[in-house]
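Next come two complexes, and both contain subunit A; in the first it sits with subunit B, in the second with subunit C.
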Partner chain A sequence: MSWAWDNRGFLGRMCGEHLYLALVPLLIGFLLAVPLGLFLARARWGRPAVLGFCVVLEAIPVLSWFVFLPAIIDTTVPEKINVLVGLTLLVFAMMTQSISAAVAAVPDELRATAEGLGFTTLRRAFQVDLPVAMPVVIGGLRTAAVSCISLATLAALIGVGGLGKVITEGYSTGSEPEVLSAIAAVVVLAVAAENLLVRAQRYFLPWSTLAPVR
Partner chain B sequence: MRHVCAGLPGAPSDASVVVPVIEFEGVTKVFPGGTVAVEDLSLVAPAGRITVVIGPPGSGKTCLLRMVNRMVDPSAGRVVLDGAPNTTARRSQLRRGIGYFVQGGLFPHRTVARNVETVPLLVGADRATSRQIALALLERVGLSSVFADKYPGQLSAGQQARVGLARALAADPPVLLMDNPFAGLDPAVRGDLQDDLLELQRIAPKTIMFATQDIDEAIKLGDQIAVMAEGRMVQLATPQTLLSHPGSDFVADLLGRDRGIRKLTFLPAGELPLSPAATVQAGTTGFRARAIADSHRERWLLVLDPERRPRGWVDSAVLGPDEIISGAVVHPLGGTFYADESVLAALDAAILSAAGLAVCLGDDGRILGVVSHTEIARYLTGQRPAVPVSHPFPPAGIAATTAAPVAAPAPTPAPAPTPAPEPTQAPASVEDVEDAEDAEAAEAADAADAPPDNEPPTAVLPTVDPAVGPVTPARAAMQTAPIPVVTETRPAPVPKPASAEPEPAPTPTPAPAPEPEPARAEQAEPAAEAAESASTDSAADTTTTSSNSFAAGRWEWNAETGEWIQLAESGRSEAEKA
Partner chain C sequence: MNLFWNYITDLDHWKASEGIGQRLGEHVALSIGALLIATLIALPLGVAVGHSGKGDDLPILFGVLGRLLPPLGVFAYFAMKTETGSGPAFAMLILMGMAPIMSAGYAGVRLLDRPVIESARASGMVPMQILREIELPMAMPQLIAGVRRAAVAIVSMTAVAAYAGGKGLGRLIVDGQQPAVHDYGMVATGGVLIALLAVGLDRIIDGFGRSLVPPGLYATPSAALKEIQPRVAEPYAPSMSATPGY
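Here is the complex of A and B:
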């Protein structure tokens, strides 16, 4: 503990960098997944194919993105952009599945009512489908957030900062407290992010904890 | 865009909005895959009326409704709204002018008020106006503004259904599609909502298509009922016709075994002949009860609590002289009914009652009289030569339930226990009064102001069922008298119990015969005796008050003068006041 206190400035800076590496992909991946997820929930065709592709995307080791992306998108290896793109792809794959499943689970009566009351397709998607599916979507987002924060440690393997760098550094110098402190910091960040999303749901979607409308 | 929100700013629509006729012209829907949902169906849903579509699940009800707002496009045929095919406007535009209500369709993520504001906001009303409309509508469907900012999940199922109704009405659409809206609600809540719907319909009629699987709901709400099976319409009829003439075994099965009984819901209980109730206060001794029973020649006495509300029945024959009337000796009341309920309610109450007597209550809870199931049966016998309902729709403003009995005012013998001729049962026309030999009845009619001369002769007594009873002189006279036969029946206003002035003529009561009946004279005497004993002994409650004057205020038998006296609003007779 004394190590963490003595190096609190460094640790704090690394935490910030780590959150940047994890949360920016979370946000971008989510925003990209919304339209595709909404579309897939309604699509008459192509849904199994796209969702199957998402599973493959999710299964590809994130580390391989960090390594191979430079070749694909013409960046040099130690750049943060590789980490951001790699994690974004992961979040995109996860959230596309999550959103399309959640929207497809919106009760038929609700969709029929929205249609019957005169919502246009686009309006219905964003004013009824997505909001009603939001509690389930946030569930998916919580999983994605924890994954991102945990996986962002791999950035250290291509020499990019964050708490992963602290772990590898501690390992190479044999500083056990340094390794343990960094691991603890990752766990704390992940739990905090997850908790924040739960609170956000309670605050922004107060209806989501109520009894379902019959 | 004729249909869209003509009366949007929350004002009552009545004048401005054209309520259209919906016509289905040979519509067919075949879904991809070959499922035939609706097959060559033609149907007219008249303007301002409720057309109920009933059928088993999968019979195409929902599909039919959705063709109106183009959620389903027919594979063949078309839907016409007031002469114009519904394909002229954009779908979303068309739908915003058609109220739509599906069970479970409330948006859980929007507050109650926001749910109701949905369509006004869609058609471009501003926030404040929409909110105002929403609050007014919530009020109209019986939800206070307390609920406005709650979420649907915080409401009971019945309240949610009310919100759904308010939302469907929010843009004041002239057409309303209701797809099984009250399914799964408990019967009491469901009944309330049906009543509310009928009330809303009365205030501002809309063309309503209502899909349901519940035959009771269909009969209660429908101006006409379309029965569907496997995509075809197997019968289109008014509820009355459907019950009496089901077109096929399928329809008869759908109606169930008790369709005959259900027909009674269309007969108003107000026409039943009431007898005075022999009453006794709870806590009276058996000895006194026996005396009251003897004076009434009744075995069963109606037990009243100190607030004079009916509590049950006591069998005077088995009472010991010292027994106190309370607790176990009091048999269950069975039930009570109000004059504006149906004969079915009265019959139900009579069957449930230990004494076989149903207690009729006034709006203020006062006991108007009792009727036995024997009397109800006799009344029904008189109803039997029923004229089939010729036109599916009674004139606007007349509740469908009043139409049938008016159409068939067959004579019934005056019920034996009736103590005296009652003003409402006075002859239906001047002619009848003249023919009548009973001076007392003529007097009563005079007292109640003989019908004005310009009153058209009421269509009475088109037929006489030989099974009804002995042909009395009076009836024989009526049969021979040149009674104008009016084929088109005149709609009678719904009788109002509280109506101030007695108006004997237009009441379509089916017991007009004012002939002297020996039984009646006998009955009147004990009643008078009982009333006298009541005036001398106030502790023993031997009220003989009876009233059957649903059309002409309340009447009370005055034992001293031997006359019927009209009561003032306070419930006291004028004689008492003087």
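Here is the complex of A and C:
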């Protein structure tokens, strides 16, 4: 533990970089998935095809994206953008499935009521479908957040910073406490992110039945 | 793109010692071996815990650790603790692959509708019958999903293990970035083959798994329900069948 204390500045900076690598994709992937998920939930066509595509997209390991994206978007390997785009694709695939499933499960009666009250389709999507589906969506978001924070360590394999870099540095210099501190920091960040989402749900959706914090 | 294409289509790179062919073989052997062993250990354990309700701590502990611990850190740490090589890496692969399977086995059986289990018991089934004839078939979609998640995770973790002295396609990614080699084609080839392997294994298990799921589980109850319950009100649809003059 003394290693972590002695290098707290470095560790803190790396935590910040790690959060940047993990949370920016989480946000962008989520925002991209919201419209598509809302559309797919009630779409008459394209649902099986797009969801099947998302299943395949989710199965592609992010490390493959990290090293193959340079060939597609014309970057070099050790660049942050590869990590950001790769993780965004993963979050997008996960959240599209979870949002469309959650919205498809919104009771027909609620939607009919909203329509009877004169809601336009767009307004109903954002004021009825999405809020009612939100507890399930947040459940998916928690999984995605933890995956992102854990997988962002792989950025070190293409030489990009974050806590993964602390792990590889500790491994190559044979410094065990450095590796352990980095693992502990990743776990702390993941638990904190998950906890924050649970608290956000409790604050913004006080009516939802609360899942116990684990 | 060209660098990648030239590298992967060059037969010499496939046949060479420690070339693509050898690495691909290693990767397939490591991942499928680890997946089989992890499934054989974790599936019965998870299902047993879910069935009996005793010892839930085990799958929950595995689930939490498997989700939170970064694979790179785990492999690096254990490579430092033991001698490097694929032995310890293989053991870690099995352990990390067990997490999703055990959670799926536990949750799949535990979260089944209790009334179903109760009525099976009430109709005189013994616990073993309930397990074999009710719980396992009904939990099958979850079990398959767990194995698929483990398969994808193991294929990508095998690549990560290469960093800490493991074998397989991950070596192409790690070695290709060494300053002495610096071959982007090699790196990209590793990445693409890992992705193909993960997606392929996922599709195969999904296809095979579908044949194990009892067809009755796929029948949607909603279609049947709609025939019994007439729609109460559709105020928004000027329906043909509504009362005339409405």
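Heads up, the rule we're going with is that the second predicted complex is superposed on the first by the 209 of 214 C-alpha atoms of A that agree within 3 Å, B and C clash if a C-alpha of one lies under 4 Å from a C-alpha of the other, contacts with A are read in each partner's own complex, and residues count from 1 in each chain.
Heads up, the rule we're going with is that a contact is a pair of C-beta atoms (placed from the backbone, for glycine too) under 8 Å apart; a residue touches a chain by one contact, two chains touch by 3 or more.
Because the structure is predicted, anything quoted here is derived from the model rather than measured.
Contacts of A:49 after superposition on the shared chain: neither subunit B nor subunit C is touched. In the superposition on chain A, contact of A:116 is made with both subunit B and subunit C.
Looking at the shared chain after the overlay, A:134 reaches subunit B, while subunit C stays out of its contact range. Of the two partner chains, neither subunit B nor subunit C is touched by A:73.
Judged by the touch definition given at the top, the superposed model places A:170 against subunit C, while subunit B stays out of reach. Legend: residue contacts after superposition of the two complexes on their common chain; A:206 is shown touching subunit B, with no touch to subunit C.
Between subunit B and subunit C, C contacts the larger number of subunit A residues. 109, 112, 115-116, 214 are the residues of subunit A that lie in the contact sets of both subunit B and subunit C, per the superposition on chain A. Subunit A makes touch with subunit C in their complex at residues 55-56, 58-68, 70-72, 77, 109, 112, 115-116, 146-147, 150-151, 153-154, 156-159, 163-164, 167-168, 170-171, 174, 176, 179-180, 182-183, 186-187, 190-191, 214. Residues 1, 3-4, 60, 64, 67-74, 76-77, 79-80, 148, 152, 155-156, 159-160, 163-164, 170, 173-174, 177, 184, 187-188, 190-192, 194-195, 198-199, 202-203, 232-236 of subunit C touch subunit A in their complex. On subunit B, the positions that touch subunit A within their shared complex are 66, 69, 71, 92-96, 98, 100, 102-109, 118-119, 122-123, 151-154, 157, 160, 167, 177, 184. Touching subunit B in their complex are the following residues of subunit A: 107, 109-110, 112-120, 123, 128, 131-132, 134, 205-208, 210-214.
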